[in-house]
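Chain lettering (A, B and C) follows the sequence in which the chains are written, and residue indices restart at 1 in each chain.
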Amino acid sequence: MMLDRVFKAEGNEGGSLVQPLDMMTLLRTLFPLPRSLTGDGVRATLQALRQHISVEIHEVATGTEVFDWEVPREWNIRAATIKAKDGRVLVDFADNNLHVVGYSVPVRGTFSLMELAAHVHTLPDQPDAIPYRTSYYAPNWGFCLPHSLWTAMQDEAYEVEIDSALVDGSLTYGEFFIPGDTEQEILISVHVCHPSLANDNLSGIVVATALARYFLAQPARRFGLRLLFLPATIGAITWLATNEARLDRIVHGLVLTCAGDDGPFHYKKTVNGAVVDLAAEHVLRHSGHAYQMLEFSPYGYDERQYGSPGIALPVGCLMRAIHGTFPEYHTSLDNCDFVTPQALDQSFRLLVDLLVTLQRNAIYCRVDGRGEPQLGRRGLYRAIAGQKEAGGASQMDLLWVLNQCDGSRSLLDIAERAGVPFSRIRAAADLCLDAELIREVRQ
Amino acid sequence: MMLDRVFKAEGNEGGSLVQPLDMMTLLRTLFPLPRSLTGDGVRATLQALRQHISVEIHEVATGTEVFDWEVPREWNIRAATIKAKDGRVLVDFADNNLHVVGYSVPVRGTFSLMELAAHVHTLPDQPDAIPYRTSYYAPNWGFCLPHSLWTAMQDEAYEVEIDSALVDGSLTYGEFFIPGDTEQEILISVHVCHPSLANDNLSGIVVATALARYFLAQPARRFGLRLLFLPATIGAITWLATNEARLDRIVHGLVLTCAGDDGPFHYKKTVNGAVVDLAAEHVLRHSGHAYQMLEFSPYGYDERQYGSPGIALPVGCLMRAIHGTFPEYHTSLDNCDFVTPQALDQSFRLLVDLLVTLQRNAIYCRVDGRGEPQLGRRGLYRAIAGQKEAGGASQMDLLWVLNQCDGSRSLLDIAERAGVPFSRIRAAADLCLDAELIREVRQ
Amino acid sequence: MMLDRVFKAEGNEGGSLVQPLDMMTLLRTLFPLPRSLTGDGVRATLQALRQHISVEIHEVATGTEVFDWEVPREWNIRAATIKAKDGRVLVDFADNNLHVVGYSVPVRGTFSLMELAAHVHTLPDQPDAIPYRTSYYAPNWGFCLPHSLWTAMQDEAYEVEIDSALVDGSLTYGEFFIPGDTEQEILISVHVCHPSLANDNLSGIVVATALARYFLAQPARRFGLRLLFLPATIGAITWLATNEARLDRIVHGLVLTCAGDDGPFHYKKTVNGAVVDLAAEHVLRHSGHAYQMLEFSPYGYDERQYGSPGIALPVGCLMRAIHGTFPEYHTSLDNCDFVTPQALDQSFRLLVDLLVTLQRNAIYCRVDGRGEPQLGRRGLYRAIAGQKEAGGASQMDLLWVLNQCDGSRSLLDIAERAGVPFSRIRAAADLCLDAELIREVRQ
């Protein structure tokens, strides 16, 4: 019974939540680290997170078979420049790690403008932005630069150097687990393979870290909370392959990305429908924020892997801006100015609300469901009156719980039917538990 | 097979139904009786009904345990007045039994205006109306009076007397049963605890009585018809507790209230969905009256008790005006002028229609469903042609029945799919029964 | 595995389909033949079809019991005229076989204008059109003529002759079957009992014949394709009665009628819902043609018999104009000018699309569904890129198939969820089959 109460003191209606982490400062710290699918940039990122939560860092060797894939070679880069013949440095990886195509093989030499052109990526429609490009599985090299700079480069030849290494090594990912009172878990997955891109997905990384700090501070919880900090696709596949026997512990899950822009929220539903979809829509509807529910599609983030046919975990995806649809997406404009502390804070609070809803949702039945109980002699009318003044459960909430708890409906189902926030039905259920009018039905 | 025909001669399309009872006269007779949760007012009401139907009067002793409750003490009141010091009677229970708060404890003495104020209830927004107030479970006393009278009372002190008794006795309720050809029953429940309030719920009482008279005059019926005349909440709980072993006989049910005002009909659905919901919507849609379907909520009338988790009977609620939403509600304005004979008659006819629909709904299957039968050699084309001229079943109705009777759909389902009134599909099914083209599937 | 490929080369997006039959010429050939419920007109029609497909002609003797019916007597007519007293032929069956009421008994004699009037049918609202009338089951005779002609007939008496015979004989119907690789079949049913009416239903007959020619030219198919050319009602009942033991082979079916007018398409759903309904709506939605889905009703064509309770085959009805709702319906205006080659061609292409969709729809599951497969090393990205340029399957189609093939969903279900034409998902599935990423789940 105590399990049902651990979040009771917290409330989940925002207003007084103290952020356990300065998310914006952490985001700025992580921004310049040269992340990629593998390599020291990912390691440095995870080490930085360890200032806040004790992330476990896993290394999986190149060549390891993971389902249909193999862990790729590890890529690291020390420096990269394009210099004019007079020695002026025109493009420098040290300025912005988007300048080099991810997984570029080493190169050094003099290239004609025509030769260089085959290795240069720009955005003619956004002439001052650097694009983000990778070539993970085809050996190649390239530079990304503002179109305005490229059109000004009229010399016949340039000195080019990419001091990178693509060698057997390992794939690195982070994992952090807060145990619950049951063996069941909620999964939060964020990708850590993008270099200097703030919204996609440093925002997801810092909000996930803040959530971990927040729930660590709670005395207990029903479900364990598992956070994964992974390179996209191959990272999720690697984790799934190495944890396949334990996947049935995951009862709810979320991929978290683009949590830092000021746009409306978007929740993309799980592939087969799940309670997390219902909970997300419920929390969003009562949040006061603009939002849109998106149907599942097989393109996007790692919900594709978690929702693949043989895995079929109930993992949705929460985001604000949608990949590919905002001008800053995968360009140098997705920088620390594009992300706001207010947006990160809203995302954090919304996720606390959603996770508390998932943690505290349960199915009850009336101990004696034959008619309404006499509330007066149990002091429940008084309790209600008092709580009503405090904005808590009203008499209707109590009647909803007493009428609907028949062992078939969860509190979230009841909140949806009653049209009120989950927290109110939860509070009413707590009163009924105290009065021994309902008991939990374990499924 | 005969069971299927008992209502055949009746039709349920209104127009020629003779009312078996002068509902308005009965309502006026019942109006002044001092009803409350218990006591002689309820007994007098049930005795008055016995002029029309032989209601069985049950007495359940104070202190009897009924589920989570106990039957309360019995309350009776002989007289109550507020007098000016000069002896003028300002407020007299004999004028209107709303003047005294229900379950007021006895009191006699001189009270200052200030002291009296703590025991006076008025409606400042409706200065000429007397409110209806009770204090069933907290010992108290009080008077209800028009705000206009109260503001005119400027004397320093008043003589107050409530000659009431709150003692061990019994709770009284009435029950009337018309047997059917099966053990299954339809339940109609009305509350009898409100004093001089005409729409809420003398209208329900008189319409229920008229329905009983009407169906008594029919030769037979599939389901028994059980009418309950109960004090709200504690009465329903008492009946449920004392009839628990037989509740599975109830296959359809209705709480009936506020049946006498001129407003649109409202049907509040059962807690878990039931055939009565479908039938009510069907009958209302084809009635020509304005109506609205209401979702279930756990506040209202005794559908709360019938629909509580451990009981879960399929009991909806039919009403015209909705409790709490019309100005006359729970005031002296809900008097005999607020109720009209036309409205009572419409409610009665609609309920006859609904009850006939529930009684005559059944599931059939084609005796030989392989293709359409040859109707011509059975004279069914002739029969159809004849009936069509009389406004009865058309050829399409017959085709619907012959095509849809596959043992899975009821006639009501077929009427809904065909988009025609139940009575037409029923008539077509009767022709098919006569021709031995369909047979009933007992479930 | 080969079964899945047989339609692969075909595509079903129209544009380059060569019609295997000059439908308009066949329709003009069939138009004057004196079809009726039975008789030589039906035989001549089926013989004419045998110029194109080897229709098997069945004869079922008068008096044969078929379910609730008996095969009627056979009707043939050699000639019929109304002559003026001066010998002028005013009405001649040789001019239009609608002139005589179907199943008219023989008659010869002089009739006064008044006597003749009882046997004359006209359309006052369409004074130049000849109506179509029959009297199959009541012995009678009659003439159908333009109202303008009838009002001009002012002589006192006329010479009337109908040289017909109504004798024991047989009911004639045609059947044509193209075997499939399984025992399961798709049924196409058209009625052949209407005399000189072009849209209703020579259009259905010629489109069905063209479909047979088209699918005969294909190397293989999953389901057999069975075409029935039947007199309406009694023909369908006769076929069902004589094939009852084999009906469970029918997995999809269509009644085809009114396929030659220029109006929008209408698809009337099967009585209990079926895959053919989903497929028809899918194909219509992606066809670019105007269309409307109609709910099942028990009036119409032989879908009534196929969908009767004890038969319950999944047979819908595809038509353009709806019986009874267009002015040419059942009049001499439903002639060869009312039908256009363009409309017949559209209907033919749409039905090819629908039948290919039904044939090639199947359920697959991922061979290893744990995560997305690595497409690059299988050349699937290249394959996709190439196909995309050719307008074929895009990368999204491939991702949909790889994500959704979990053994529970058909390719049609996936196409509906993805919002793309079936042919694209089918093409993506073929790529996945080639790469051994999915395998079929037989049900």
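Following the convention adopted for this analysis, a residue touches a chain if its C-beta (ideal position, glycine included) is under 8 Å from a C-beta of that chain, and two chains touch if they have at least 3 such contacts.
Computed from a predicted model, the values in this text were never measured in an experiment.
Visitor: Please classify the inter-chain touch graph. Allowed labels: line, ring, star, complete, other.
Guide: Contact map by chain: complete.
Visitor: Please compute the angle of the rotation superposing chain A on chain B (C-alpha atoms), rounded to a multiple of 5 degrees.
Guide: Fitting chain A to chain B on C-alpha atoms yields 120 degrees.
Visitor: Over half shared or under half: which fits the residue numbers at the contact of copies chain A and chain C, same or different?
Guide: Under half shared, hence different.
Visitor: Calculate how many whole Å lie between the centre of chain A and the centre of chain C, each centre taken as the average of the chain's C-alpha atoms.
Guide: 55
Visitor: Spell out, as numbers or ranges, the residues of chain C touching 2 or more other chains.
Guide: As it turns out, chain C has no residue touching two or more other chains.
Visitor: Using the touch rule from the top, collect the residues of chain B that touch chain A in their complex.
Guide: The contact residues of chain B facing chain A are 67-69, 137-138, 233, 236-237, 240-241, 244, 271, 297-299, 304-305, 307-312.
Visitor: Which of the residues in chain A come into contact with chain B in the complex?
Guide: Checking each residue of chain A against chain B gives 365-366, 368-374, 376, 396, 399-400, 402-407, 418.
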